[in-house]
């Protein structure tokens, strides 16, 4: 027999190494969990150095083809903060609409392509299509709509181009927006049904005392900007981020791990957002949440998937609102700039995203620092695994342990490309 | 057919003309402002969108409508072929004289050795409402080929801006019908005079001149002129010049296959002698491998070979290739240098 | 719209025979699906376009006997997309046909004159109908010299017909190759095709030369022929250019003011020499 | 089921954007699935445990580590047709930007404490294995992907002509960013196929599809110098996606 591992194409995600989880077990207790997770900015921070400030968003988009919009928006805001450019309300609104479409798209993909096959027992959504054609069709339709919004506002769904420093370089036509609005209205029902479908999944349970972190604003469900708040009462202004969030490195991983200063790991992402900003969800989202039996604070990590579906309902409703109200003025960005440093925090589909730049006198980047949602979550995932492995070990079944761990990691959706079968679980039993 | 007498359309009534055309035709095209100060022909949805009186647009409108950049020749399914001719009626408003003359040249190219059925099914359903130029820019040189700023034929209606009104001249039965439907009053002698004054005024502003006397002979003798090497170094091979030229007619043909692997389309798309692949043959051979050979072909085709092929120069002096060339290559300047004057 | 003949629509043909010539050259015999079209005639030197719907279309010389009404042949070298696709097809498969196109060789002008046929590699394909024609109308022409060169003996096409050709009265076939690989026996000349020119029997002032092959070969051969005092007007070459439409619209095949698909592919040197653009 | 063509989609160092373009082909995915079985497709399926031979391997990403070199060779060995998809796989793309900086310096900047990495210079696939076909762009075009699949399934070699981006830009009737806007647009020297997406949205072409055939970067550099761009800025622009492309780098 072939040794499976030898011919396995190890899944190399956006890290120059291998993703794996190494768990050392001695006498049925977990000694250590080493999560070797990817490092999102493949030296991006270095090769941004020397590039002009108006290229930064275009380049950082390429950090992630799954949530490029989040990187574009964060980079634009951080650079604008650095060079002292203020954008108008229309730009902010369009960027929010763009960001929402990115989140909807990513959530739908997660729910239908990862979670649903998992919970319904299929290798993938395409295989699932044979038995659940309607579900898959609905998913495709929602995702396509989200992509169309991204492409209409941003010029392209993957790696958008028209959002720029100071504003937008091109604008959607009224016709196109109306068409999207109608499709969004039609999509309401599908989104609501998605919540119901997911609410019926039999979620595993992992309840562990942990700190949720998300952006927050007084009058809106924050994704574009805001203060950093946590379930443990943290309240931090954007510019003070680095004073509160630290990064550390483990020798077993190429990734950076984040923790709150003097505290432990924390969780970002849809579950954190819904938990912290529940009151700011629109009525439709609240209603479906209630109907699905979702109560805040929801501490079961696995329910992040349900939180995603609630957000989809929320953002569809918000998008309809924006499109109904907006009257687009085609103004091309004009601005003057000065050197300086700036930071931006935004909510990517998977949670808090941090970009920070220093722009020099010639207009080129002198320093760059990026922390992705997955980097924010990595340490917390490790801590979660530490908690859940002893419970599942009772099952005395390595396969089962592995599966639960994978589903746990997928609940974080560290990045869709990496979250399917990226676990090479090594249980080293020392007897 | 042409009628010397004219009609008057008040500027404020211009939208009526567009509305009428929208009724008469399936599609109406006209110049729109696509960017501050930049005009291009687009489909018109509302009369107000049309912007007359501006200088030449980015792309040649008639070529684009009659020979679309991407055109399906036929669909196939297995071995069966299905042809669909586009016979929509299209009205196109505000076309400049050089472009109408460009279309006349395209007509020649597409009736060479048999008429092209796709081209002529669109062509014969075209309503052309042209506009005489009352403005020109530094790169217009239509006077050199007598293709502007005043149009003499090839239109259904011809408008000239004479102040707060347009002088409308009729060039075809279709045009006459339009004028009747709009119930336009006849023009007076002074309106016609005003037109001539204005056109002469524009003529005076066109300073770019290509000397066409002996031009073909000069070009024939230029094949080994050092200028081509120099241009080959400057030219980007981007092909902008030929895309924006109203008379460039070359195309590439290929198939697009559907996922079922049986059905698909055969299409044609604009091509250009400026592109390397255009002149590639089997096993990597290429008969215009050097950029210098390609730009020599482009310019000689316009100013030399066209005369043999179709009895007239292949240029109408619209100046687009000059305006749009990122490398500042100027066909007039090239001809001037070759002619040694 | 008045009915305009649509010259872009291929007619259906089917493969009735496939013959392997060399490693990458095959000769395909075709018949039209619709019987009445099988009466079709062409002139030696004409070419046609073959379509495989989905893969595209390409130009090929008609290589069979032009007076044979029941079938026609193309000899195809596998070089790219269309040709590789056709290469994999077999008897019974359907293709699309457009043509015949082009002017053809000046056979009527050559009546009463000596003939020199010069071919390099696949360039023999468009000359094969000329040889068929000569064999049927032998008395019309004087002496016939056929000079054929290829890279190696294995690259020669129509080899099993050579004997028949040599049996035609007063036809001389001279062969040459650039290289003879080890282990291959070769009784004929070695060297480029111009090394055979000393054997030409035809008198320059009363003969017609018909030549097809790689352009670079034709360039050297033409220069030599002109030096041997063959008049420009009587030296004919068949040129290959990229071709899309076949009906003078797509522009690809232009050489100066000439369209190869209509004014060619056969040109006298007087018309086009020196070529403004040579295939390199 | 079994006469379906086996396809694997593999990922080396990349952002997964090209795979996302495939995932986003909602309208066609189910149809593709009629003819194809995806044996490897990390983004979409979890049935890929070990390397089985496939008919078509689509490989995204640049080769940036010695492990990836081995992996790529393994993929090549196990596939009949190997297609490079996206800038990273065709030319090294964005990941190859790192090649200009020494490895140690890169690592120092991003990882404050050095850990052992097996990172090598980043290249496109054809640096290490023969590649049968290419899909260009960052990201690839969905339509070209469908054309590629249809052709490969039919056993026809795919053809993607390479005129300049300007051809498509002009067809769309855009005003030229380079001529009128004085912006550094790489359209004139970049391979078409994107329908001039960036310039049509007001953003200058960055050359993500690699050079058009016989492009003339040298002349474009002169033009840009003339418009006031510095040699350094031009170098950076040319190198954004094409730091391993000799046509661009020589300039």
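Letters A, B, C and D name the chains as they come in the text, with residue numbers starting at 1 for each one.
The rule we apply is simple: a residue touches a chain if its C-beta (ideal position, glycine included) is under 8 Å from a C-beta of that chain, and two chains touch if they have at least 3 such contacts.
No experiment lies behind these values; they were computed from the predicted model shown.
Each chain gets a centre from its C-alpha atoms; the one nearest the centre of all protein C-alpha atoms is D.
Inter-chain spacing, taken between the CA centroids of subunit C and subunit D, is 42 Å. Note on chain placement: the centre of subunit A and the centre of subunit D lie 25 Å apart, centres being C-alpha means. Here the CA centre of subunit B is 36 Å from the CA centre of subunit D. Within subunit A, no positions touching two or more other chains are listed. Counting only residues that touch two or more partner chains, subunit C has 54-56, 80. Residue positions of subunit D touching 2 or more other chains, listed in rising order: 150-151, 154, 156, 159. The complete set of chain-chain contacts reads A-D, B-C, B-D, C-D.
Residues of subunit D that touch subunit B in their complex: 28, 31-32, 34-35, 146-147, 149-151, 153-154, 156, 159, 161-164, 166-167, 170-171, 173-176, 178-180, 187-189, 212-216, 218-220, 222-223. Against subunit A, the residues of subunit D that register as touching in their complex are 10-21, 23-24, 26-27, 29-30, 33, 38, 40-51, 64-65, 67-68, 71, 74-75, 94-95, 97-98, 100-101, 105-106, 109-113, 115, 117-119, 138-139, 197-198, 200-203, 206, 233, 236, 240. Of all residues in subunit C, only 1, 4-10, 12, 51, 53-57, 77, 79-80, 83, 94, 96, 215, 240-242, 244-245, 247-252, 254-257, 259, 262, 276-280 touch subunit B in the complex they form. Put simply, subunit B touches subunit D in their complex at residues 34-35, 38, 40-42, 57-59, 64, 69, 233-240, 243-244, 252, 254, 256-261, 264, 270-272, 275-277, 289, 291, 323-327. Residue ranges on subunit D touching subunit C, taken from their complex, read 150-151, 154-157, 159.
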